[in-house]
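Here the chain labels run A, B, C and D in written order, and each chain numbers its own residues starting at 1.
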Amino acid sequence: MGSKQRWIAVAALLACVLLAFAPPAVAGKKPVKIGVVLPLSGGFEIYGNLGVRGAKMAVAEINAAGGVLDGRPLELIIEDNKTDPKTSVEKAKKLILRDKVVAVMGPVSSAARDAMTPVAVKYKTPLLYGIDYEGGVCNRYVFLYSAIPDHDMDKMVPYMGQKYGKTFYVFGYDYVWPHKMTEAIQRNVDKIGGKVVGVEYTPFGVKDFTPTIQKIAKSGAKVLMLIVPGADGFTFIKQFTEFGLKDKIKIVALASDENYLTALTPQQSEGIFTALPFLASLDKPEAKDFVARQKKMFGNDVVVTWATCSHYGLVMLLKKAIEKAGTDDREKIIDNMGDLTVTVGNGPETMRAKDHHMILNMLIGKFTGGKLVVEKDLGRIVPSDQCKGKDLQ
Amino acid sequence: MWDIGIQLLHSLNYILVLVLVAMGLVIIFGLMRVINMAHGEFFLLGAYTVVLTSQRGLGFWPGLVLAPVIVGLVGMVIEWAVIRHLYHRLLDSILATWGISIAIKQLIIIFFGPAGLMIKPPLPQSVHILGLVYPVYRLFIMGVSVAVIALTFYLFQRTDFGLGARAVIANRDMAAALGINTRRMNRVTFTFGSALAGLAGAVMAPLMSCDPQMGLGFFIPAFLSILVGGAGALSGVLVGGAVVGGGDSLISFLFSPVTAQIVVFSLAIVLIRIRPQGLVGGRRHE
Amino acid sequence: MSNAAARTLRAHPLALQLVILAGFALFPLAGDDYLVVELTQYLVYGIFAMGLSLVWGYAGILCFGHAVFFGLGAYVMALVSKGMVPGIGGALASGWAAMALAVAVVALFAVLLGYFLFYGRLSGPYLGIVTLAISVIAERVAIKWYYIGGYNGLTGIPPLSLGGREIIDIVPMYYLIASFAVGVYLLCRRIVASPFGTIVAAVRDNEDRAEFFGYNTAYYKIVIFAVGAAVAGLAGALFAVVTEFVSPTMIGFGMSTEVLIWVALGGKEVLLASFLGALLVRAMESFLSDVLTYYWFLILGLFFVACVMFFPRGVFGRLLAARPMATGAKAGGAGET
Amino acid sequence: MDDRPDRFVHETGRHRVALLETQGITKKFGGLTAVDHVSLKLADAELRCIIGPNGCGKTTLFNLITGHYKPSGGRILFQGRDITGQAVHRISRMGIGRKFQVPGVFDELTVYENIRVPFFSGQRQPMLMFGRMDAAAHDEIMANLAGIDLASKAGEPASNLSHGQRQWLEIGMVLASRPRLMLLDEPTAGMTVAETRKTARLIRRISAQTGISILVIEHDIGFIREIGGHITVMYKGAIFREGSYRQIQEDPAVREIYLGRRR
């Protein structure tokens, strides 16, 4: 190959690389853009898809009602973060710098959220997070529509202890969220005078849990706090059931929701407990209405869970904040987002201004006969101040 | 003291599972010197064959029969299309099979979605062993594993095919000169190894949630087993499986699964470094 | 293109590289902010790819765990500059010192690992599997170790400062990383063209023969392994600066395989080809993976197989293969820095 | 061939001192004794051929000298130092260069680079990753290439060379490593008659101009005659005869072992 051809070929390839970056066409109208960074692949896509459906429905309803700021429509720009923190950062930067979104919604894992937070701060863009987490975030630019241990473990542990016995075993994934949840469980077990007889963590992707199951069986625990959501959790429950332990030891599966119904047989899921702010089977008018609207928009087979609600709620909060601020200026939206109340699927819920966490209505759910039903309505729960009196600003 | 018995039972279970997965790998590596990085995905294909038959209402058992056939055929096609061009390029065959593994995994995601899928347990009963409720299906797995090991050993130690295969392992050029069709031998071996991986996947599927990432979880321990035991001899995989599987199971029980993985992997690496020929590997030529 | 320009290029093969350099230098003038931010990150990946190119392309060491060095560099950078390492504070914890320390730690680690691997005469497939297992272990340890952030990683890594001013804005950051990329490229080229580089290539080609010429081949493998690792470690440290966070996904198997694909597709035997391979794959992924979703990885996987089978020198390898010393036309021809 | 003065002139002051000496060197493989108490002395600047039927232990003897095999018994002295059982690269660094039976060139490197690899083996320079070639080194490499008639192929990868050229290239490589002793294992295997003659002249010229001691394993009678020098005949692992070309050629016992082999 001569130098000339070589030069042309390289130039062409380089041009391809650079052209791939070409800026997008300018839109005719000016919608208010909301960025979404959720996992649509890579492991947590179940939650990602739920969030996307919640947000989509909220945007559709708001636009049908005339949009915001004198008729400007909302527009969702959805990016897949592949359940990966690096990609989350890339996508967040893209949404903020190129698409000029007013807010970024997502992601699912705490790791990705922590990675995205500096981006939100650097570019002064609100980050709207809608998944349960371990608590403790205090940041002007981060809003969390999340159940934290104050919401669930503070109620769940005493309830289980009273009903089934005060010996607990904790089995979780080996990362930050399960560890923090273990601390909350330990705190509450101590409070009721019970005992944590064993704590065990597992890496991702383990396929045979027999050593752990054997340990749990021997431990004398009455209640197993299972902090292994997703596919590995299904595998665990399946093997746990096969070893015939479900009758002796009650399982509280953290973050378990309606998705478990499709993955597990009724026999396998029977009797598992969970604590959530919303259940699709909740007998309240707003809950029934919310589920019906989801089914109308996404078909009758759609799974509706608390994650759908939280992302829907976040868009609603954002819309209220935009209207209250009267502008799409991001700092002004942040200033106006506090202490707003929305009703999604389970009564009115409020985003506190002082720490950007939610006052939620909580439920204890139980898997019964292939359904997830309400075992106990815990009512409105006000969590402790996650900023501990520090100033958010 | 029953604890020890129970622990032994659990360890044996995991060891047999590991050996079942590693068997196809060791045949391909021993005979063809090809590291099949797509082995985990062949396992995956086997598992998803069972998922498919279950979804179609055919249930588990037809899937169990179909899986080795289908995956064996896939293996045969891949051998024909890719592997046979790379026999003289060992490192390239690693990379190529690894590219294939990415493609197969993506195909599975495209057809079945990325989420974990579960099938109904085919043998939900359990029996009492050592005062322990033990699932019958686990006994079935152990039975299948023992049968596969016995069959493979029979095939390689007692049949003409096995004699030819061992001749090829010992000296490929000489075997070819003696009229053994090494080309055909490679094809048969790769197909057989793939079929074993498919069978392993199908057998293991009811135990767990099947997701597209499940292959890797078995591939690495299986491979370490082979290298620890010694790739040259079939019996190496038994020893290696016992070391890696037994170690993992025991440390999981005594400490935690996380520790087990780190410790077992590290020990395996050190063992491979000290004895590259494996624990039962023969003398190396000086 | 005019004939005169073509003639100039023919006369100076270096001009090709200068044209590419100019393209990168002028890029911020044309692109919008986001593109500059993206390209900044790709440049870091490109540096990482050059590190693997040295180890794999030039020394023939197939390493399935190169992200271990990348991740280690990033973690050391984060820990030191955040003042989380006991005993290291003050001036030592400044960004530049942290970066130097990151590179040094990675190089040292690679020497130890290399000593362990190469004096054991592990090679080919064994080395592949062992390095793969090492990357899995590294990721697992990073997830398990809470002091370094566990699964969530570390955030809030302070920016580098130059002449008393912090480099946080988009364009200065781009030029900072770009100059690192150019510097690393020139350095690596120099190494490759040196007598040392020739011997490394000889060891790759025929280890026994090289040994018989009196070369301690394990020593050469360890040194080039450490250099490639140090480059990856530098890339990791830069990555920590650019993205302001580190997490276990940067140290594990997934990242290791990604860089392997970039380098294989670009052309492992040529530094610049590996570098451009990283840029090309990342840029295509950024735009195609949204359009093609799952099919993107299917295509990438199949393309990778095709590349291994039919184009072992990658997309750019043949194009950019410049062997200045090969002709023997002029002594010292490689030192055109 | 060109007549330029060769650049690889070594000091040849200490004639008559045995450069290499094997004392009863023995190698057993299981029950087979491949090399059986071989005692051999090679003087400085000597050119010697080793002949013998296939399997008589010639190549094994080379492998013992270069450290590829550890001897079962006996000692090897090089320049009076005991080198028995030393590592391959150490022995090589002491100044024993070897050309293998199968051409051991670096296929992926250019011809020029092939010479470059051994060229630096005696220097500290390879340690320096940023070291450059100086003009003198370059000239020396080109002179070496000219000596083996490959200067015009400098930029081509070695895989492009013909079989004979690869053999010469390897001789050039061994020379570039500045050995005191060269072991050449069948340097003309597979060559045409013309190539063989050219190779013989090349080796003779190297011997005459550089004073390097050369030990050659060969079968080709024409080559051996062309080379001249002393001949050692090996048979069944042991030294069978030693003498000049004429003495060996006329020895009926030598004919016997060769004829015996053909039968």
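Here is the rule we go by: a residue touches a chain if its C-beta (ideal position, glycine included) is under 8 Å from a C-beta of that chain, and two chains touch if they have at least 3 such contacts.
Predicted model, so just to flag it, every value in this text is computed and none were measured.
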Chain D and chain C - chains in contact with each: none
Chain closest to the middle, measuring from C-alpha centroids that were averaged per chain: C
Chain whose mean Cα position lies farthest from chain D: A
Centroid spacing, where centroids are CA-atom means, of chain A and chain C in whole angstrom: 35
Separation of mean Cα positions, chain D and chain A [Å, integer]: 74
Residue numbers of chain D (touch at least two other chains): none
Where chain B touches two or more other chains at once, by residue number: 109, 216, 258, 261
Sequence positions of chain A contacting 2 or more other chains: 41, 174, 203
Chains that touch, pairwise: A-B, A-C, B-C, C-D
Residue ranges of chain B in contact with chain C within the complex: 29, 33, 35, 82, 85-86, 90-92, 94-96, 98-103, 105-107, 109-110, 216, 220, 223-224, 227, 258, 261-262, 265-266, 268-269, 272-274, 276
Touching residues on chain C, where the partner in the complex is chain B: 62, 116-117, 120-122, 124-126, 128-130, 132-134, 136-137, 140-141, 144, 253, 257, 260, 264, 294-295, 297-298, 300-302, 304-305, 307-309, 312
Chain C - residues contacting chain A, complex: 1, 6, 9-10, 13, 16, 19-20, 23, 27, 31-35, 37-39, 41, 140, 143-144, 146, 149-153, 155-156, 168, 243-245, 247, 249-250, 276, 279-280, 283-284, 286-287, 289-290, 293-294, 315-316, 318-320
Residues of chain A that touch chain C when the two form their complex: 1-4, 6-11, 13-14, 16-18, 20-21, 23, 40-41, 79-80, 84-86, 89-90, 93-94, 97-98, 110-111, 114-115, 117-119, 122, 174-176, 179, 203
Touch list for chain D against partner chain C, complex: 66, 88-90, 92-93, 97-98, 100, 104-110, 112-114, 116-118, 120-123, 125-135, 137-139, 141-142, 154-155, 173, 177
